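Heads up, there are several structures right after this.
Common to both upcoming complexes is chain A, partnered first by chain B, then by chain C.
Entry: the complex of A and B
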């Protein structure tokens, strides 16, 4: 039975042109980059503070809705809108860390419930403020790049490029700056870090603010590609969790590898097996990783 | 003394108001529809249709008592589980016996509750005999059924647009699967004319990225992608992403009530050549125009697609209740099925389905098809046939 299925897939592959397979691969890689964009903030907050931030999807959604308000409704220039949104999300993150996370640090279950609470508050307020109807952010880079028969919209390529830049920037912050060193010290042992004179509260505030800003930026750059609504955070958080579980909880390189890997698995799965099977395939991969490599593909931070 | 007389005057006024309020009771109509998510425009449109009808109905009498319409919204997100919870809440907690329930895909889950409680279901959705049949006497479909659309409409459109290769992309639920089955049947019937069903992709209802699935579908060179059962935003995204992959053919959407503006907002020029049923590119009646003007004035935006049918359904049901002189849903159902009514924005309307469904519970209205050209709906010269 399994051999028959393998044979069918093989026949399908051989009947498909190379261009089609390469197009599928390109879609997978670019979609993978979009997943990375979505998951990066979650990785950072878990990596440094070991907080499973269920509010991540809502902050992602908030970024998308804010770019709609600021760029589409208020007609701000994009170069002004982007820092304003990042700053707003960072301030929200800092306030959440200061008001909630700090008080519950070390109590993982309470923290988990608190992040669910934050998520529900943001989502409920968003339904009230932004309304239920789907909204659209017009494409900033319309058009399609066609090369060797492979087609890719510029807006997706741009978002993928930004995702890679954000990974590089985050990597530089965490591994090449004093703040990053302090973050890694907290990740290793918060008590010892404090005894060494690191202001752990300040560094934690910085990490959460940065994580929230990254999540919001993910929403900003994904918004022109899809339509947006206050319910979009749920899908984002689900995919983000899959990515960080497969990549290794809190590992930046792991998020990069897992994002691209899942993007390709999903795309090639849909191309060769169909949409229904591709959806299942992602979860099969996640469960396989949990069983055979529970620390994820790249381990922890 | 003066204070006492003012106070007694105020008390008398309050009492009079209270008595009046007591005398005028609410006739609650539930709206169990998606009020959030990609299909929200459908549910919001229904709410507004009821509200506009309520303005026209005003206060009405049933068995000597005064009633006023009250809309009770329940957000189902087009999810069967949430719709079951909403219906239970409506029936058991809120004493709502009448309501709009949107979506054929959720009906499999709610029909047992409807039958058990005699809930009066003002059904907005596609599908066919699985919902409209003699076992469900209190279910009235106020929209065209899949049978009306597919069997009397689709072949005409294929012929007009010279469509030979048909593909389907829709939600992975009962409705999506049922539509694939119907499309395959039609292709088999039209085999002599060279029509062929070439492929299907069933995606998650809330999916937003279709590129890889579309790639698989486009490899089969379809002339048309049927996007039936998908909400407006999703149809727009499918069109946008298919065009990005180089697809130049048609899209057909038979069940969704699509807003051209919403489609163009998502898909830009890619929205051209989307064909939809039940889109009027020119107003068919004066009532249609009046509702559009009132909607614009009240809600400050173009009329949402479900407003017309929701308006008519509300007026018809209220009139049936008045004629029956009771709120008993089974008696009102009989009254409604055997009455003729005005107030349909699409023009002359009646009940049919006796032969096809074994139940006279299927609305028949004039219905056009339109195609988007340069971002606006333009008429496609085909008309839906009648269903016995």
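Entry: the complex of A and C
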């Protein structure tokens, strides 16, 4: 039975050209990079504060919405719009840390419920303010790259490139700066960090602000690719959760590896089994990781 | 008493409210039985949907009696929950929450993907059970079915708290006490899995009844927002006590059904209430009642 199925799949493969497989791989890698872009801020906040930020997807959605409002409706130049959105998200993050996370520090259940609450507030407000109508941000980089028979829109390639740059930047912040050192110290042992004179409240605020800004930037860069509506955050956070579970909660390298891996699994699955089954396949991979390697592919931060 | 007399005096509209309130209370109490051991399920709606779909597919597609459909729904949800629980409950709570959240989303995507399961538009004309030749076709007779089943499940979950098993569950709440429990020979993983499976069997069964009440099912009926609604009912009511979730689900459902026709206003108000309760009243509404009672008693004593 199983052999029969494998035979059938192989036959389909050989009848398909190699180009199609390569195309699938390329789409998978680029989609994976977009997933990483989405999941990065989530990893940062979990890695340092051990908070799973459920509101992450909604901030991502808010980033995409704001770029529509600021860039398309108000016609700001792109170079002014990006910092403005990042700053707005950072301020929101700082306020959320101040008003909510700090008061519930150490109670993971209440924290999780609180982030769910924040996410519901942002989402329902967005439905009420922006409406259910799908919005589109026009392509900033039109055109399609064709190489070795593979076709890839420049837009997606650029977003994937930006994702990689943001991973590199986050690495630099966490491993090369003094604030990054402080963040890692808090992750290791908050009490000792405080004894050594680190202002843990300030660093926690900084980390959450940075995580929110990353989420919003993710939304900004996928805005021309996806169509935008207030429900997009939920889909984004589902993939992000699957990726951070597979990569290891709070592990930046793990997020990188798992994002690319899941991107490829999904596109290959869609190619061989159909798009709906690919969704289920991704879930099965996550469960398999939970059973055989619960700490994730790359382990802890 | 009021619950039993209700059909005699109420209008159809109020019977509808009563049915929805009872369903929500039972879901929330089932969620609470998992919360009680320190695990947060963010995908209970997925198990409600699984039960509802199982029942609908059995009765509409395979022409099996609605009673067997209800039973099959409970068995299906319970079995799947047992499998998932066995895989995820060995890990820390956060992994469980995330994995169950993912399950809740995937299960609906799965039903949406296949035409046999009704696809995006769902399946209509779900038959209702026939009770000794009497079809439960109006709100009044269906109310009795919902009432009996919710009272049965609530009594079951309530009683279980005071058994040896229910007391043991409380020891699994924190990592340290769980280790202690294991050191005296308690099979923590199995107990937790069984509790989760029971809770999901309950919501799956009620989901089947819910689908029969609506007489249709589609992927938009039980979504993530259903899971969060249940969570909000439980937290607002208070999770220190069995009657907290009952109170929260009852009050908020009544309010929600009365005040809001638009879903997003309801979500917004619910979420705001949730934040206020979490930040300033960690014990929920029942802790208020407790406080009033304590004051009253201490006044009496003086």
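Definition applied: the second predicted complex is superposed on the first by the 301 of 301 C-alpha atoms of A that agree within 3 Å, B and C clash if a C-alpha of one lies under 4 Å from a C-alpha of the other, contacts with A are read in each partner's own complex, and residues count from 1 in each chain.
Note that contacts are C-beta pairs under 8 Å (C-beta built on N, C-alpha and C of every residue); 3 or more make two chains touch, one makes a residue touch a chain.
For clarity, every value in this text was computed on a predicted model and none was experimentally measured.
Superposition model on chain A: chain B and chain C are shown in a clashing arrangement.
Within the superposed three-chain model, A:127 lies in touch with chain B and with chain C [touch as defined at top]. Of the two partner chains placed by the overlay, only chain B lies in contact with A:28; chain C stays clear of it. In the superposition on chain A, contact of A:177 is made with neither chain B nor chain C. With both structures placed on the common chain, the touch criterion links A:226 to chain B but leaves chain C unconnected. Residue contacts after overlaying the shared chain place A:287 against chain C, while chain B stays out of touching range. Judged by the touch definition given at the top, the superposed model places A:19 against neither chain B nor chain C. Residue contacts after overlaying the shared chain place A:116 against chain C, while chain B stays out of touching range. Contacts of A:52 after superposition: chain C is touched, whereas chain B is not reached. Note on the chain A alignment: of 111-119, 147-155 or 291-299, the part of chain C that runs into chain B is 111-119. On chain A, the surface touched by chain B in one complex and the surface touched by chain C in the other have residues 127, 276, 279 in common.
Remark: chain B residues 35-38, 40-41, 44, 75, 77, 172, 201-204, 206-213, 215-216, 219, 232-233, 236-237, 244-246, 262, 265-266, 268 touch chain A in the complex.
Those residues of chain A lying in contact with chain C across their complex are 52, 100, 103-104, 108-110, 112-114, 116-118, 120-121, 123-125, 127-128, 234, 238, 241-242, 244-245, 249, 276-277, 279-280, 283, 286-287, 290-291, 294.
Residues 38, 40, 42, 84, 87-88, 90-91, 93-95, 97-99, 101-103, 105-106, 109-110, 112-114, 224-225, 228, 231-232, 235, 264-265, 267-268, 270-272, 274-275, 278-279, 282 of chain C touch chain A in their complex.
Residues 16, 20, 23-24, 27-28, 31, 127, 132-134, 136, 138-139, 142, 144, 151-153, 226-227, 229-232, 235, 266-272, 274-276, 278-279 of chain A touch chain B in their complex.
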